[in-house]
Amino acid sequence: MKRRIGVLCSGGDAPGMNACVRAVVRAGASEGWEVLGIRRGYAGLLDGDAEVLNNRAVGGILRHGGTILMTARSKEFETPEGQAKAVSRLKELGVEGLVVLGGDGSARGALALKQRGVPVVVVPVTIDNDLAATEMCIGVDTALNTIIEAVDKIKDTAAALRRAFVVEVMGRRCGYLALMAAIASGAEMVILPEIPLEPGRVLSELEEARKRDKPHFIVIVAEGAKPTAEEVCREINNQAAGEDEFQARVTVLGHVQRGGTPSAFDRLLASQMGAEAVKLLASGQHGRMVVLRRGQVTHCPLEDALRAEPPRWAELYSLAEVLAQ
Amino acid sequence: MKRRIGVLCSGGDAPGMNACVRAVVRAGASEGWEVLGIRRGYAGLLDGDAEVLNNRAVGGILRHGGTILMTARSKEFETPEGQAKAVSRLKELGVEGLVVLGGDGSARGALALKQRGVPVVVVPVTIDNDLAATEMCIGVDTALNTIIEAVDKIKDTAAALRRAFVVEVMGRRCGYLALMAAIASGAEMVILPEIPLEPGRVLSELEEARKRDKPHFIVIVAEGAKPTAEEVCREINNQAAGEDEFQARVTVLGHVQRGGTPSAFDRLLASQMGAEAVKLLASGQHGRMVVLRRGQVTHCPLEDALRAEPPRWAELYSLAEVLAQ
Amino acid sequence: MKRRIGVLCSGGDAPGMNACVRAVVRAGASEGWEVLGIRRGYAGLLDGDAEVLNNRAVGGILRHGGTILMTARSKEFETPEGQAKAVSRLKELGVEGLVVLGGDGSARGALALKQRGVPVVVVPVTIDNDLAATEMCIGVDTALNTIIEAVDKIKDTAAALRRAFVVEVMGRRCGYLALMAAIASGAEMVILPEIPLEPGRVLSELEEARKRDKPHFIVIVAEGAKPTAEEVCREINNQAAGEDEFQARVTVLGHVQRGGTPSAFDRLLASQMGAEAVKLLASGQHGRMVVLRRGQVTHCPLEDALRAEPPRWAELYSLAEVLAQ
Amino acid sequence: MKRRIGVLCSGGDAPGMNACVRAVVRAGASEGWEVLGIRRGYAGLLDGDAEVLNNRAVGGILRHGGTILMTARSKEFETPEGQAKAVSRLKELGVEGLVVLGGDGSARGALALKQRGVPVVVVPVTIDNDLAATEMCIGVDTALNTIIEAVDKIKDTAAALRRAFVVEVMGRRCGYLALMAAIASGAEMVILPEIPLEPGRVLSELEEARKRDKPHFIVIVAEGAKPTAEEVCREINNQAAGEDEFQARVTVLGHVQRGGTPSAFDRLLASQMGAEAVKLLASGQHGRMVVLRRGQVTHCPLEDALRAEPPRWAELYSLAEVLAQ
């Protein structure tokens, strides 16, 4: 009988998830295995909601956003009872190894399974890029491209009207998306959760931008930052009262950042990481997270991955300031 | 001495504005005229903020969003004194005919100038498509494409998580963008300013969608509609409390709808309308708005354009319902 | 028993075909009918290759290029025997009305079926826009957008290197795509099958462009035109020999023009035309082609549609020349 | 007096070149320097065609393809006399350090200047990714995204008609673009200059794809590979004669791969590499190439960069095969 592994998506979806599912299925098939697609994450696992995926079943999904396996959050799985039930389900389903696609919370769930003896490998998929163990998570590059396309559009209007725009981007407590989006879109200012902002800084930067004769004033604000996008906008408008120039508007990019056809980078990363996950299961190296380190796809123990120190971005933050002049 | 005409952009910007400025300049040049670009709309006209645009000055702008002339709103121009001053300025600048690019408010300004004897032609440019005299305004098609790209992305996440998404689109008091976006993106429901919604309809539609086994529930809400996007979202979440499926999120697309490189349709419409405006000035038919009627670029008196009855969309609304099944 | 209609795609595919299939299925369902999807065009019809499509079966296809029904060409169907067999097959399959999506050749096939008593309605789908009976075919707007995106990119390189680029676009014997692409992309010159070019014109235009200090020289050539793209390129390079500036390169856009997610315009047109086709069958008005006339979706007898005089484009050709200055 | 450095673009253009020029100018300004933009590469340098670029002069160019400095090839510069003249020109222009943006040939030119005592730093910009010293050149990521968008579109048609498509991509003698494009687009086969193909392999792969019930057969061929795209197409069509399925078509993507707004990745890489080049000049570390190594922006001596061994791609080639099943 064929060896059987499982694959599931957990937490939020991100572009490249399908590309990664496809890679797990086809790399699994090339090992001679059967790959079981478990639907709706840990919730679906508890329900035994699964079907075997052959190579044809994942044909054409490489370029689609979202995930054919669907994803969900599960309260039950957070309990010891739920986790024990999940282990039983995996046995009933004949799953000898599990690949989990997702972010921080999904990885913690996988760690719980590891501690109960399940051979598990995690692939980091989240646009927030908040798993410090890996330089890039699958989905981040596409989200960045979506953000800069939006900011490029907003700049058209900003320059036509000489306006300020405050753009809130995703990232939870991590400023990566905001910082990279600021550099890549040429924003005048960026506000991150990791780097506190002196009071009055927004208005002094605005004043500087005016003096330098900038045609617009774009501020990228990470969703977890203080002040928030809303507060930054209010501060500008209170000061600009009575004047026409550099009145501010807020744009919250929201869930458009999570969808869309994955970029080339994300398709490549997802393909390589999915194949790497299978290779780890094949060689008995489980309980690990696949990561991008020094530009190479490699892996590390799940426990280490979840303890990794988030970077401080000081150097890139300075670069953003220099290039915004 | 060469005859001289002026061109200005007023109100909000929209994709295709630059393409239209280019068409006015080059069609003007082919008449042997000099074209004066007036910056910052009526405000800039009052300031005499203008420069001659030759054919090279508008090279390469066809594909850029925003407007090289910039746009602005002017309180002063709304007064009789302001309008009289504008007429004087035009004389000082030697402008014998004026092309105004913009929406409803811009057209009213142009009418005021007409009534003071200025030979003026209006080209309808606004993503709101709220000028009933024309089937399409410049910018609408690009905005629609921006909206459906965003909704396509949101659908990826919605389907992956079995969520409801409420997407607010622009249009002021006009439901055109929302209705067309709903049909073109395959939304499950659309809420327009022009068509009142019976109470309870959102939840009954959601229930229907569930029964039909729809993977998501997308509601497009025009910014001028009641209930608002925020209210629709709250209504769904109040009812869905405790359940995981079809929890709702709001996305306000905002100013990204106003920017971006213009679509082929908008570049063509802008090119044809800009050239038509020049032809009208050349043949002495001023005081008119260039319009798209029965699929053809033509024109009508400004007064009629501003009195046109908005359509009721009943037939397309029914089509949206049929296709959402 | 439910009334049953059939739908098939024939000839080349085009963006919006799926959107139209979806509209036929859902509009059919709202009439209480069953809709049979016939695969691989007339070839599949002869093989009886078909399955019932319910509303869920067409879920999510609105935004996909290509066609879920596939398309094909059939030599057998061009013979009287083949056509007689097709009529028998339709009877066996219980099909009481047929919607055919395609271009010129597909419409001729449908006419043959009409003459054998089959209630048939044609929806014009082809990027070539060579059916003169309709102002626009489904797919044309998307193809145009694909072309102008490509030309925008080519212009970047052309301007950086001061090069000439000769871009061949599709359209068979019809110059619509080429002409509209030239206006919408701001090409310096366009060559159409319908408008003969005096000898020496390419080089004189190039010389003019140089004198006007144009940063590039872009020529759009329709695939059916004389001289061909290859010949235009050779002519330029023979003359430019030894010089660095305005050396020419050819780009043949090819099949990328036929694919991609349909634009908003094409999704709307496909949705309306598909629904109109069903309405015609429901009211017994068959043997007709759905067309866009004076900006409205309407219909005309198939025979008339196939005899319509192609337009001469003289006015738009002049506009292209004026705007290229 | 301010210290003055120069920046020029040489060879072919690539997306991100402008972003890099902007980074050089603004990072230079933050060092207190004046940055001279030299137009048309080494050819323009010989002519002394240059102007000072301040921070405003590079405003808004971050997102534009091509290069505001233009680029060119120069025969004269390839001679010792030309190089000596270039050194004199740099002295006349007061340039104390030079940043060269370009590929292989541009770097060789820079090396010649280095050998004549000019403090020079090269930033690798070329979509071919054929500089083995760096993991990525600026422009490659955008080109890859352009290619996969095109292949996604071609797949629509290929699947609708069950066709084979042979797609030629750029890369000169380097297979990077082709290989990555094949993985990222899910092509059935890829042909590289670096990896010889056994005779008969194309047809056996096609046969395999048919048996696996693949809806299409996409072959990506690098421009420097044998067999060429044309030959692959002919081979398939000779064998498929008389059959309808899997007839082949060629698409040569051509210069569209070189243009377009740069991706987020390329804007970030260009920003970081431009700033690094300035830092190297500031710290007296010249005669070097800025490179991406192990995922980090760093640098190496120009001589080493030009001697680096090209990678063999064996592992990624195997991955492409596994994922194409």
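Note that the chains are named A, B, C and D in the order they appear, and that numbering of residues resets to 1 at the start of each chain.
Please note the rule applied: contacts are C-beta pairs under 8 Å (C-beta built on N, C-alpha and C of every residue); 3 or more make two chains touch, one makes a residue touch a chain.
Computed from a prediction, not measured in an experiment: that's the story for all the values here.
Distance between Cα centroids is largest for the pairing of subunit C with A. With centres set at the average Cα position, the gap from subunit A to subunit D is 28 Å.
Once the centre of each chain is set as its mean CA position, subunit A and subunit B turn out to be 34 Å apart. Annotation for subunit D: residues 152, 155, 159 touch two or more other chains. Contacts between chains close into a ring here, every chain touching precisely two others.
Chain pairs that touch one another: A-B, A-D, B-C, C-D. Those residues of subunit A whose C-beta lies close enough to touch subunit D in the complex are 22-23, 26-27, 29-30, 55-56, 59-60, 62-63, 135, 141, 144-145, 147-148, 152, 155, 159, 180-181, 183-186, 212-215, 261, 263-265, 267-268, 271-272, 275, 292-296, 319, 322-323, 325. For subunit D in complex with subunit C, the touching residues are 9, 12-13, 15, 17, 43, 64-67, 70-73, 146, 150, 152-157, 159-162, 165, 244, 249-252, 254-256, 258-260.
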